[in-house]
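Order as written gives the chain letters A, B, C, D and E; numbering starts at 1 within each chain.
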Amino acid sequence: MSVAVEGLNIAIGGTTIVADAALSIADGERVGLIGSSGSGKSMISKAMLGLLPLNATVSGSIMLDDMQVVGAAERELADLRGRYVGTVFQNPAASLNPVMTVGQQIGLPLKLHYDLTKDERVERVGAMLAKVGLAKEIAVKYPHELSGGQQQRVGIATALITSPRFIIADEPTTALDSMSQRQIVDLLTSLVDDAGASMLFITHDFSVLARATTRCYVLESGRIAESGATAEVLADPKTPESERLVSAARSLTLRSADGFQSAKGDSHER
Amino acid sequence: MSDESLLAARNINASFMDRNMHRGLFDFGRMPRRQVLFDVSAEVRAGECLAVIGASGSGKTTLTRIMLGLAAADSGQIEYRGAEVRRGSEGLRALRAESSIVFQDPFSSLDPRWTVERSVSEPLWLRRRALGFATDEVAGKTAQALARVGLDPRTFMGRYPCDLSGGQAQRVAIARAIVNEPRLILADEPMSAIDVAARVQILETFQLILSGAGSRAVDPTTGQPVKPAIIMVSHDLGVVQHIANRIVVLREGKVVESGATEAVLGDPQSDYTRQLIAAASL
Amino acid sequence: MRFVIRRLLLFVVALFGISVVVFAALRILPGDVASIMAGINAPASRVAQLREQLGLNRPLVAQYFDWMGALVTGDFGTSILTGRSVTALIGARASITFPLIIVGLLIAMLIGLPLGCAAVLARSPRVRMAFHVLAIIGGSVPALWGGLLLILLFGKGVGLVGILPSQGFPLDGWGEPVGAMLSLILPAFTVGIIVGASLMRYTRAALGDLANSGYIDMARSCGMTRTQAVLRVGLRLAMPQLVSVIGLTFASMVTGVMVIENLFALPGIGNGLVTDVGNRDLIAVQSELFLLAAFFLTIGLIVDVLHRLLDPRLKNASGVSEVSA
Amino acid sequence: KKDNGTASGNGAAQANTVTIGLKLAPTNLDIRNTAGSALDQILIGNVYEGIVARDSKNQVTPAIASSWEESKDGLTYTFHLNKNMVFSNGDTLDAEDVAWSINELIAKQYHDADALEAVSKVEAKDADTVVITLKTPNSNLLWTLTGRAGLVFDKDAKYDLKTQAVGSGPYTVAKFVENDSITLKANEKYWGKNKAKTPTIVVKYLADDNAAVNALKSGDVQVLAPITENLAEPFTSDPSKYVVKAGDGTDKYVLGFNNASGSKLADKRIRQAIRYAINHDELIASRGGADKALGGPIPSLDPGYEDLTDLYPYDQDKAKSLMAAVGYSEDKPLELTLTYANIYGTELGDQLRSQLKPIGIDLKVNVVEFSTWLQDVYTNHDFDISLVDHNESHDFYTWTDPTYYFGYDNKDVQKLYAEGIAATTDKERDAKFAEAAKLISEDAPADWLFNYRITTATAKGVEGFPFDLNQTVLPLYNVTYSLAEFSQK
Amino acid sequence: MSNNTQITVSHNDGGRLRYGFAGRAAIVLKTMWRRGEGKFTLIVLALWLVVALISLIWTPQSLWATDGYHVWAKPSASHWLGTDGTGADVFSWLMAGSRTNLLIVVLTVAFSALWGLLLVSAMVARASALASASVVVIDALISIPTVLLALILAVPLGASITVIVIACGFGYGLNLARVARPSALLAARSSYVESALANGASGWRILVSHIIPNIVPVLAVQLSLSAGTAVLAESGLTYLGIGVPSGMPSWGHSLATSVKLINVFPLTVLWPGLVVTVVVVALNIFGDVLRDAIDPVTNPALRQTAASAEKEDER
């Protein structure tokens, strides 16, 4: 699914949060969105689904294939969401329904959009759980019984269960350990690459970014400050904002026992 | 002084009720329990940062909650400055008075009806006497704490949590945890949603805190400023390397490895740790 | 399950406590059934004689234990004044009050829940406000008025479309099922509309809070429309809250429908209780109150258990248990 | 309760069931122990019969006894009973039952036993004759026997008096729901002339005035008694469908003062001032105008009645000067508390308060529950002023009992009353009572606000429902309801 | 690094109060006023207050000017709303009644709030024995009908405002506690409370500063409901003779005396009924509107001002 955002403005209660943002994602493309926290990343991702709070005002254009999201009817958007567009929310604790078991939650998009028997659903949910690295038994648990990382993976499984054609992942790996992170990122990239879907990936972790995306946008206070191939942006940031982020990332990169292994060097490899 | 452990957990076992599908309302008797921590021991010394790492679901959050007395273990002891931490004990009171915590989920740990300023300054008011500063210093200290985590106090003091982004909320929670010069900070993945630039700044702040600089409390025996300790749960090994003095590696509720940072990261003894490290250098 | 057992134990203790309180409180009331029976011109000796005869002169402690002793065996005593067993008395009254409040509550739910949802879902703020105001006015109407209004509209012989009996219960009670049902329609609607309006308010408030939560966003992101999400996810999440409101309402209606019973001349529980107090028929009153308390406690228990069932976060709260400060 | 009428002579369909709406419900049927006119009203003459009965002018008429004689000295009463009398359970009713009933009453001190203090013995001389012998003459005896004291019960029947009734009257209690209704069925075994004309009579007790009015309007009841004059307005204004009429009664709204020494009202001038200050006509007018002014303790249907309303005419100036003589004025008022039961509504209290204000009395009105009133005022005499509807007939004796709550102690009155009771002719008795009543009224131990008259509303077509005295004596055997008249309209 | 942290803050003179009570109250009122139903409720309640004050010094007719010959009169020049069953001026009685009802409502609400909060604090106590016992005790106490409680209270106290206030306040407090319990528990178990605990806050402080503010929305609705019900209950109890003492003007007095005659003089009962209904509606709406306006989570205006006040400070 191709995505084209143009002249997007979002304001809440008179404060502008996103100003004149433009970004595009082609079919089969994995695009990153980075920026300091509070720069408006989550807002943009929510706007793409028509999920902004009621008091937000949106203008501009968001095209998902040939569907205009801004001002679209709820019914049409609902058809889209969960079926063609899968979303991972930033805060799993606040979005996983506390009265639904994990299995029900993950199976929800299937139930809403596809005519499957219960057994088929259970089976698919089980398979999906395995893909995100969770045991099958977890399906009968409630969100509050899970650790932070487990919750996050449930959120990811929900987003991916219908093999959507466009994935919005808002910091999907924050609560994950490095091994799970890797597993999830690989899962996402393979889904996109194999199925020809597209993905918007929001993260603060540049090693994840480098692995997960081919192109990225840098957001600064609601404006797109820079864009380009991920490797290039990381290697050679052009704006002060990107520069600041990248240099900070370097200083925080894990040094192996025998010396300094730079993020730069790392990203050069790919 | 620094040899003495500030907070120590010994042989902690903990379990959760294990609910499975087929239990009805009228099943009597005890629910089976699933153990999530097995004989876990860990300790942290003043001036040190202890990092707890491990795969997701390995029991890190549970351990930290138990260490702070927010949850009870099935067995094992917690000692704070030599005093036992138990329900109603002097040790627990001391621990509570001198520690602070950053939760994994930032939003639910901020009172939705409090401004950022109020949330951040509350611990100050709570410990104003003990720290011995004047009322009119509170606002200044609050602003300072916010600035230290990279939030502009002028724009954020009056905000409410529902208007914050994930990273902003997390930073407010950190500001709240550091504002009253606690002797012990427990941070459960404190920087997961924070951008890297801010992370660096916060880590510097943490280091500053660990060094005891700016700490008002003075150790009566040495005359030196009291050095606090930090227990940090993190997935980000880069961050861990940056700040931790020692590391405990948890795997499915068991300690697989613990030791000084350089030793654990540089020369991991267990396969598990090695895998974690390998996966981190993507 | 241990939770239920613990609650049951507390339940028994509470019943015992309430029996003492009720017994003691009623003895504070001035006047007694003997002087009521003797009437206004009776000589003092007659009152004394009656008092002796009715056992009112015995020490209070003995009276209490007699009552309690009988209660334990399930005997609620005999009303001094009417000479009927309290069980039969309450049974007869309950056979009017309970159908009344159950039907009333059903009507209330049929009105309150859908309209409450509509008040949240309506797109236009004006429509939302209209629903809101409607709910409030409905809930603010004094019961007496609401009832009179319905009578003036539908009461047989009185109203504009006089089709329904406006007061009284058939002499044969439920032996005359059609008549009994007909005579409960107007009172049940009176109750239903008033309670329904406040239920609507609660629904609106509970759903309104949830409508902006991440849970709804999540459901929508899975492919629900806002309406679906509010109805399916929101309503389910609001359920524990609504259950307690409905349970509480149900319980308090037992005596709360007193005015309605009066207006429609139905010899129900609320009416009976006040008459019995007025007559100082203390044995009846204390047993009635005791049963009421048991009823409230049961409802409370059910609500709590339902809460646990409906909200998994409460169900196994005894995980790694909290340490108290 | 469908009215499937039976054909009667004039072509009008007569209803099989008549439903009557009354106000004050009996709590049980135990007429021997439980006080309250509600029981007298519904049971006496309908279910139970007395040795003698009373008519709606409060006069003694034959009942179980068809005739009686009184000895010259007034100490022996011989009653000749009707023949072939049976109770509703089939047992025969003879002199044994009569004598037993009265003797039981005295022995067990049932309700009203004190009214038979003068009786020394009651004997069944033969199956049809009962002789009552007195210790002292008692001119009230016959009247007393029309009430509970003279009721005849079945000696051999065993039943729960509180929930059942076995009597010899034209009706039996088919169903009793306390505080709600009584269903009366014609007594198939009834022996006498007062045969029930309507097979079933249902009495509904409608405590709520609005419910009562609606019930009559909707045809659920055919009679409402009592109804206030004000409430009856919709019926009064529709004479084609309803009949509204006020009847005489013995209800005396007594504003009783605490006459005991030490009371604030021990000073006669204050009591007199209050009597002068009260505008009875205004009170009556505000209630719809049906009630009758009453200047003394005896109402028109009781022996010894005399119009005493001129003794204390409404005269504010006089009242003021009397108060001034004691040292009170509007600026320096005397504080008094009026305590009365909530069943009488708040209006009277408010009106009295405002009428007494200008003469220098600050009246605090304390409206309480009836039980509380019984305790505080009636039993403990803890009050200044009290207001009660003393509805009993022949209750003049309360003024002769210094321990009664009024605390009124006048030896002359007591003497006159004793003479009246001992009188052997009605005329003599009446004269003594009247004299005593006047003495009382002059003393102003109370103010009689008015003689309450009962307003009754019936649907057109109801015949035979008594209007006078129907709150205590309500014979129902004569009541019929013809649908034809109703449908004529 | 350290210079980065040395931000000097100029307004360390108790900046907490800057956007304190008065300012917030003004915003809350403004937000309420902006809504149609808010306007209605504010006007009605203000009117109530004003009338109650005026009635202390002036009513068109004396309350005690009864005239038995002109009872239940229709409205006229001398009696704007007609007369009641004693012939007194209905309008004057209603006016004077407003102050009694105001007093009753204020006292009842205050009492039920205090009592309810006390119960709430018991129910969320960390000592689980106290918490679960209090739930049962509340359920048990709730079963005592208000009327009965009033009857018993009326014995030592006589018919008086105190009886209404205690009987109603007691019952409403119990209801309040029951209804507020879920949100209170939610707050009590939240991690911000845990965080405060970890910072050494006392249970008391947590109750006052975290739990109570978080049940304010429920409180607003429930207390306004109580206020409305108190007005209705006053008429009921007064009717039974255990409410407002006879002779004290109150709406319940006016309503109770006239409602008996609704079939006959519907007009007389209209006025007290109208007053009561309008006020009860206003009180209920007040609660709902207040709930939306007073809660920073639902009222963005409150949040904005908090932020902008902060900014203005800096300028």
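Assume a contact is a pair of C-beta atoms (placed from the backbone, for glycine too) under 8 Å apart; a residue touches a chain by one contact, two chains touch by 3 or more.
Since we're looking at a predicted model, the values are computed, not measured.
Contact with chain B and chain C alike is made by A, E. Using CA-based centroids throughout, the chain positioned farthest away from chain D is A. Across the two candidate interfaces, D-E and C-E, the one carrying more C-beta contacts is C-E.
Chain C has the Cα centre that lies closest to the mean of all protein Cα atoms in view. Once the centre of each chain is set as its mean CA position, chain A and chain B turn out to be 28 Å apart. Centroids of chain A and chain C (each the mean of its C-alpha atoms) stand 51 Å apart. Distance from the chain B centre to the chain E centre is 44 Å, each centre being the mean of its Cα atoms.
Between the CA-based centres of chain B and chain D the separation comes to 86 Å, rounded to the whole angstrom. Residue positions 29-30, 148, 316, 319, 322, 324-325 of chain C each touch two or more of the other chains. Along chain B, residues 16, 19, 70, 96, 105, 108, 163 each make contact with two or more other chains. With touch defined as above, residues shared between interfaces to two or more other chains in chain E number as follows: 151, 155, 197, 259, 262, 303.
Of all residues in chain A, only 12, 34-39, 41-42, 90-91, 93-94, 137, 140-141, 145-150, 152-153, 171, 174-182, 185, 204-208, 210-211, 244-245, 248-249, 251-257, 261, 266 touch chain B in the complex they form.
Only residues 64-69, 71-72, 85-88, 151, 154-155, 158-159, 240-242, 245-247, 253, 256-257, 259-265 of chain E touch chain D when the two sit together in their complex. By the touch rule above, chain A contacts chain C in their complex via residues 46, 49, 51, 53-54, 74-75, 77-83, 85-87, 89, 91, 94-99, 105, 108-109, 112-113, 142, 144-145, 158-159.
For chain D in complex with chain E, the touching residues are 209-210, 213-214, 217, 230-231, 233-234, 279, 281-286, 341-342, 345-347, 349-351, 353-355, 357, 363-369, 372.
Those residues of chain C lying in contact with chain A across their complex are 212-215, 217-228, 233, 236-237, 310-313, 316, 319.
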